[in-house]
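Labels run A, B, C and D following the written order; every chain starts at residue 1.
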Amino acid sequence: MRRTPSRGITVVAGAAVLLLGMAACGTDSGDDDKSGGDNPGSEGFTPPDVPMLESLGDPEGQVNILAWPGYAEDGSTDETVDWVTPFEEASGCQANVKPFGTSDEAVQLMKTGEYDVVSASGDATLRLIAAGDVAPVNTDLIENYADISPFLKDQGYNSVDGQMYGVPHGWGANLLMYDTETVSPAPTSWAAVFDDASQYAGKVTAYDSPIYIADAALYLMNTQPDLGIKDPYALDEDQLAAAVEVLKAQKENVSEYWSDYLKEIQAFKQGDTVIGTTWQVIASLAQSEGAPVEAFLPDEGSTGWSDTWMISSKSKNPNCAYAWMDYIASPDAQAQVAEWFGEAPANPKACDSVTDDTFCETYHVSDADYAAQIHYWTTPIEQCLDGRTDVKCTDYGDWTTAWTEIKG
Amino acid sequence: MVGAGSPAISVRGLSKHYDQVRAVHGLDLDIEDGEFFSMLGPSGSGKTTVLRLIAGFEPPTAGTIRLGDEDVTDRAPYDRDVNTVFQDYAIFPHMSVLQNVEYGLRVKRVAKPERRRRAEEALATVRLEGYAARRPHQLSGGQRQRVALARALVNRPKVLLLDEPLGALDLKLRREMQVELKEIQREVGITFVFVTHDQEEALTMSDRIAVFNDGRIQQLATPVELYEQPASAFVAGFVGTSNLLDGQVAKELVGEDGTFVIRPEKLVMHAEDGAPAADGNTAVAPGVVREVVYLGASTHSVVELDAGATLTVAHQNTDRSIDAALERRQQRVVLSWRRDHLVALGRAPDPETPSPEEES
Amino acid sequence: MPLVRLPAGLRVSVTVVTLVVLVVIYVPLLLVLLNSFNTDRTFGWPPPGYTTHWWSLAWHSEGARDALFTSVRVALAATAIALVLGTLAAMGLRRTRFFGRNVVSLLIILPIALPGIVTGLAFQNGFRTILGLQLSLWTIVIAHATFCIVTVFNNVQARFARLGGNFEQASMDLGAGPFTTFRLVTLPMLRSALLAGGLLSFGLSFDEIVVTQFTASSTDRTLPIWIFQNLFRPNAAPIVNCVAAALVLFSVIPIYLAQRLSGDAAEAMTGAR
Amino acid sequence: MSLISRRPGLRVGLLLTPPMLWLGVAYLGALAALLVTSLWAQNDFTGNIERTWTLDNFRDLFTIEVYRTITLRTIGIATLVTVVDALLAFPIALFMAKVASPRYQRLLVIAVLMPLWASYLVKAYAWRGMLSSNGLVESIASPFGLGTPGYGLLATTMTLAYLWLPYMILPIYAGLERLPNSLFEASADLGAGSWTTLRRVVLPMVFPAFVAGSIFTFSLSMGDYIAVKIVGGTSQLLGNVVYDNQGAANNLPFAAAMATIPIVVMLAYLAAARRTGALEQL
């Protein structure tokens, strides 16, 4: 997940198909009963019985928010970037924002019970639900919930048995960006950075994180069906080895791995790099800086992320927490977050409020088909997420080791 | 010299050992009230250690120290009525001369006007009127030395300890300060305990001198006694130039066994043909002049006696030309001396046995 | 100070190399300054145009200001602790030749001799995994103080070595107890050494990023952390350049002071990390 | 009170207790805990640390070849950076200590210290800009038929050498300043040329200062993980492995195991440095 590069950690967010064990897609909304296999938490996963708020009362006067940096800006970084203050004025709830650096930190902090709401990523949501740290969300009490893109609702990573445990926040895809002056013809497939990378030897870039192995796995899923990869986050040892081979071959042509906006934009602008993975926000920024670049979703689909606001089961300020979740799902707030952070807002009505007319088109906000092509980042674990039980899958530790080896 | 009542300092069985090194060993010592007492010895002889033990900078390994009537052995330096003038003066660099001098009174919470008056008085004693506002780095060596003295004296301690305070001064200044120190001591009447390795300094100023070697007192006596009747070869050698006659030489020239010493100025050098005859009072010995050293006021000649010993002869350069002396190099001469000028040392001192009797 | 008359050839070559090295040292810094006026948000080279826009943003950036104050607070606290512990250690080792002396010296040097990542990870692991504490401003302060002790220690020790040991004895001899002696004699004589050591320690803590990254919670943002977080945002990166440029310019003051106060340039800087 | 001044051992004990508690218990304790942690395992599902003893982390460290490669590469870079800094630092330190007038001396010290206050990150990014395809290095080098080295190990070495240079200059300057001027005169008087004087007299005498400075440059390079990300292209150093494992992978035990490598290397380095007396000059 891109998050603040500050912790460089950037692991892992993402939508977990952990429960469902479904390969791919996540478009089968609400199809929870489809879940199969005996991977943990999948079959017979019964979340602790946590009561849901039935009706709203008076605001408690404050709300403690645990958020990814950039999700709840209160003007302290940039005076003009502030959507927390309007919330405070409208709701009468004072918002205490604590940014967190990693999903692990978020899970740990939620266990203290000191926070009312959290912006949880795909690798944190299920852990929170299973541990009973978060409560089901009564979506009837959240006015703006109705406007949320349907393909984000009742997903395996934010609901159990049709019961939502949160309000979708936003999502995004890892795109392929290229220099339109150097790269010709325009690529259509990830092959441009894998099998055909030698065309641009020394000018290829890739995301600097073990999770990038999933990109190679996704590519293999399409090019080498024999390997039997069904989920880029569920790789057994052989499959991981195959992905590592792809990446090792790619490395010969890589100029550098990028981990932050600035580095990638600079590299494309100066011509040190001409092709590689990117985020929409980086592509847009690079274009606005006059770099001759295009970014697109290749034929194979791509990896990406999706986050959800959840409420603590121990919340002392549930009314303010609901007010926040409602507010952050509102078109205005969604527009501001999405534009500042650079991702697709969960609420398409935000498109009426964004300052940039082309924003929603650029980010494919209401494009369910587009969203369907995204394999949301999930932490790989030993139990295969694709439902296989005959093999052990490689976990994130293995991926980290593999990534170290790939870089050499 | 010996005053009534208890001595100013009384030390019994004092020892200080550092690991294997015995800096001071089993020392007994009494220093009388109002005395100018010197501790003389080569470096490493233990004299400075004794001073530091008295001041309280270090705890003794064994023994007691009494100041007047009080046993101060276990007291901290600030609880003892003694003050020290350090070898390097240790004048506080961040304070003015006045502040330095006032320091002891300040920490004793003496009222400001009183303290100012006494400090100025002390500065007057050391002839530093008008220097009160100076900073230490603006002072000459001699002036610093006086500030250190004033700083100690202002407290009117029972005993003032001085740790080679003149060592850093040039010869001329040192001579002046020696006289001045002695005057000041008479003026204030405080007991001075003075540590030095300079025998001339000790002889000039002291009422009594303790000669240290190897952590023990070799001899404790007045300057005159020390010079005229050294108790051991070490003392004889350390205080003045020693001319030793021992073994076979002693037998031949003195006529008995033992070690004898005779001071250079007590020897008379004659031309070979003009020598007096030996008799009951006078001894004579022929020899060859090996070296002649011109010292301005006097001349030293080193004579190798036929009997075997080598003696130094001093003679004042009074009226006659010194050329005669210089021309004697490598010539044969005869030395004569009065037999009663010869001091018998008894046996050569053994470091493991106590030195000849200290005064009681 | 009398200068050595180095032979002409050596003199010239040394001078030339010095000039070249100085240029190399300052070109990147000038570039930072230049980029703070660069209209290009990702500091494209050569700059397409110049603007003071970033400086005005930097001036109004609440985050930068908060981070600055946080850094100052952390640096002050760490320096205060380092001053106490460093002085105590230097006093303890003074004139003492006990068997553990070398061990103590090594222990004081160790936090700065080991890479920051080791110190940082050790503290993070110690606080979180072992003690189960939440990271906070205090965990940063503790970690910083640990590697700041050495600067104070070095300065105080050098001062002691230069002073010699008689001043305290003189004071005690004149009737002052240990505490009075410390207050009236030791402390005043150490003052400039403590100031120099303290300033170095402050600077060290102020610009520390590695150990800070490991021991800071996500809410505690020191200036280097703020820079780290913002340097990678194209909209904020030029502001960071402004802040960095301003820091370099203002750093003259503490450095000059440290040098002035210590009186001895070499002493002021040893341990200047 | 009196007891304290009468018993030096007690006094030393009281003075040293607080710093030793801090360094000996808190700091060494943290280091020890790090070693202990490196012997623990990590739960794959929860990412939590499991306090069961295992040597797996060290087994991986020694058996997986890439870690050896990275360790050697890191030591190599650190050595190279140290050598480059020593070569650059000596002339400027000599100029400061023995050529410049006292006024310039003071200015030069400030000039050398000032860059230390500019954020490390900002400076590293400035180098990234200079080393880019159309950057400053390229424009300066192109008339000589050279180009930018691009991002990689060479760029990393250059950037690190730049970042740590003041840490090498200052101790050497301090060491040279301590050298009495009469040494130069004595050597010249005895007929030695300036190079001979430098080689036979000055260098041996300031060698401990070199070692003192090298502790900084070497240690700082050993632990770096940020500069190499900015200008290192695809390369990685030891610090990156530690950092990625504690952060991204949340595998603290393995990060801890990896961190023992720089500890061991630096302890060996310090032990060697101690023989030269360099530790007194830090």
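Definition applied: contacts are C-beta pairs under 8 Å (C-beta built on N, C-alpha and C of every residue); 3 or more make two chains touch, one makes a residue touch a chain.
A quick note: this is a predicted structure, and the numbers were derived from the prediction, not measured.
Q: Out of A-D and A-C, which chain pair has the most contact pairs?
A: A-D
Q: Based on mean C-alpha positions, which chain is nearest the centroid of every protein C-alpha shown?
A: Chain C is the most central one.
Q: Need the most distant chain from chain D, centre defined as the mean of C-alpha atoms.
A: B
Q: Can you check how far apart chain A and chain C are, centre to centre, with Cα atoms defining each centre and the answer in Å?
A: 39
Q: Would you kindly tell me how far, in whole Å, the mean C-alpha position of chain D lies from that of chain B?
A: 57
Q: Could you give the separation in Å between the centres of chain A and chain B, each centre being the mean of its C-alpha atoms?
A: A distance of 91 Å separates the two centres.
Q: Check each residue of chain D and list the ones that touch at least two other chains.
A: Residues 1, 5, 125, 129, 132, 134-135, 243 of chain D each touch two or more of the other chains.
Q: Could you list which residues of chain B touch at least two other chains?
A: 56, 76-78
Q: Of all the residues in chain C, which ones touch at least 2 other chains?
A: Only 43, 45, 172, 177, 228, 231, 237 qualify.
Q: Give the list of chain C residues in touch with chain D in this complex.
A: Residues 1-4, 6-7, 9-11, 13-15, 17-18, 21-22, 24-29, 31-32, 35, 43, 45, 81, 84-86, 88-89, 91-93, 96, 98, 104-119, 121-126, 129-130, 142, 145-146, 149-150, 154, 172, 177-178, 203, 206-207, 209-210, 214, 223-224, 227-228, 231, 237, 240-241, 243-245, 247-248, 250-252, 255-256, 259, 265-273 of chain C touch chain D in their complex.
Q: In their complex, what parts of chain A are in touch with chain D?
A: 7-12, 40, 102, 104, 127, 202, 208-210, 251, 254-257, 259, 262-263, 266-267, 270-272, 381-383, 395-397, 399-401, 403-405, 407-408
Q: Spell out the part of chain D that touches chain C in their complex, as residue ranges.
A: Per the stated touch rule, the residues are 1, 4-5, 8-9, 12, 15-16, 18-20, 22-24, 26-31, 33-34, 37, 49, 88, 91-92, 94-96, 98-99, 101-102, 105-106, 109-123, 125-127, 129-130, 132, 134-136, 162, 165-167, 170-171, 173-174, 177-178, 181, 184-185, 188, 193-195, 198, 215-216, 219-220, 222-226, 239, 242-243, 246, 252, 255-256, 259, 262-263, 266, 269-270, 274, 279, 281-282.
Q: Which of the residues in chain A come into contact with chain C in the complex?
A: So the residues of chain A touching chain C come out as 4-7, 69, 75-79, 98-101, 105, 260-263, 265-266, 269-270, 285, 289.
Q: Per the contact definition, I'd like the list of chain B residues that touch chain C in the complex.
A: 55-57, 76-78, 82-84, 86, 88, 90, 92-94, 103-104, 106-108, 151-152, 155
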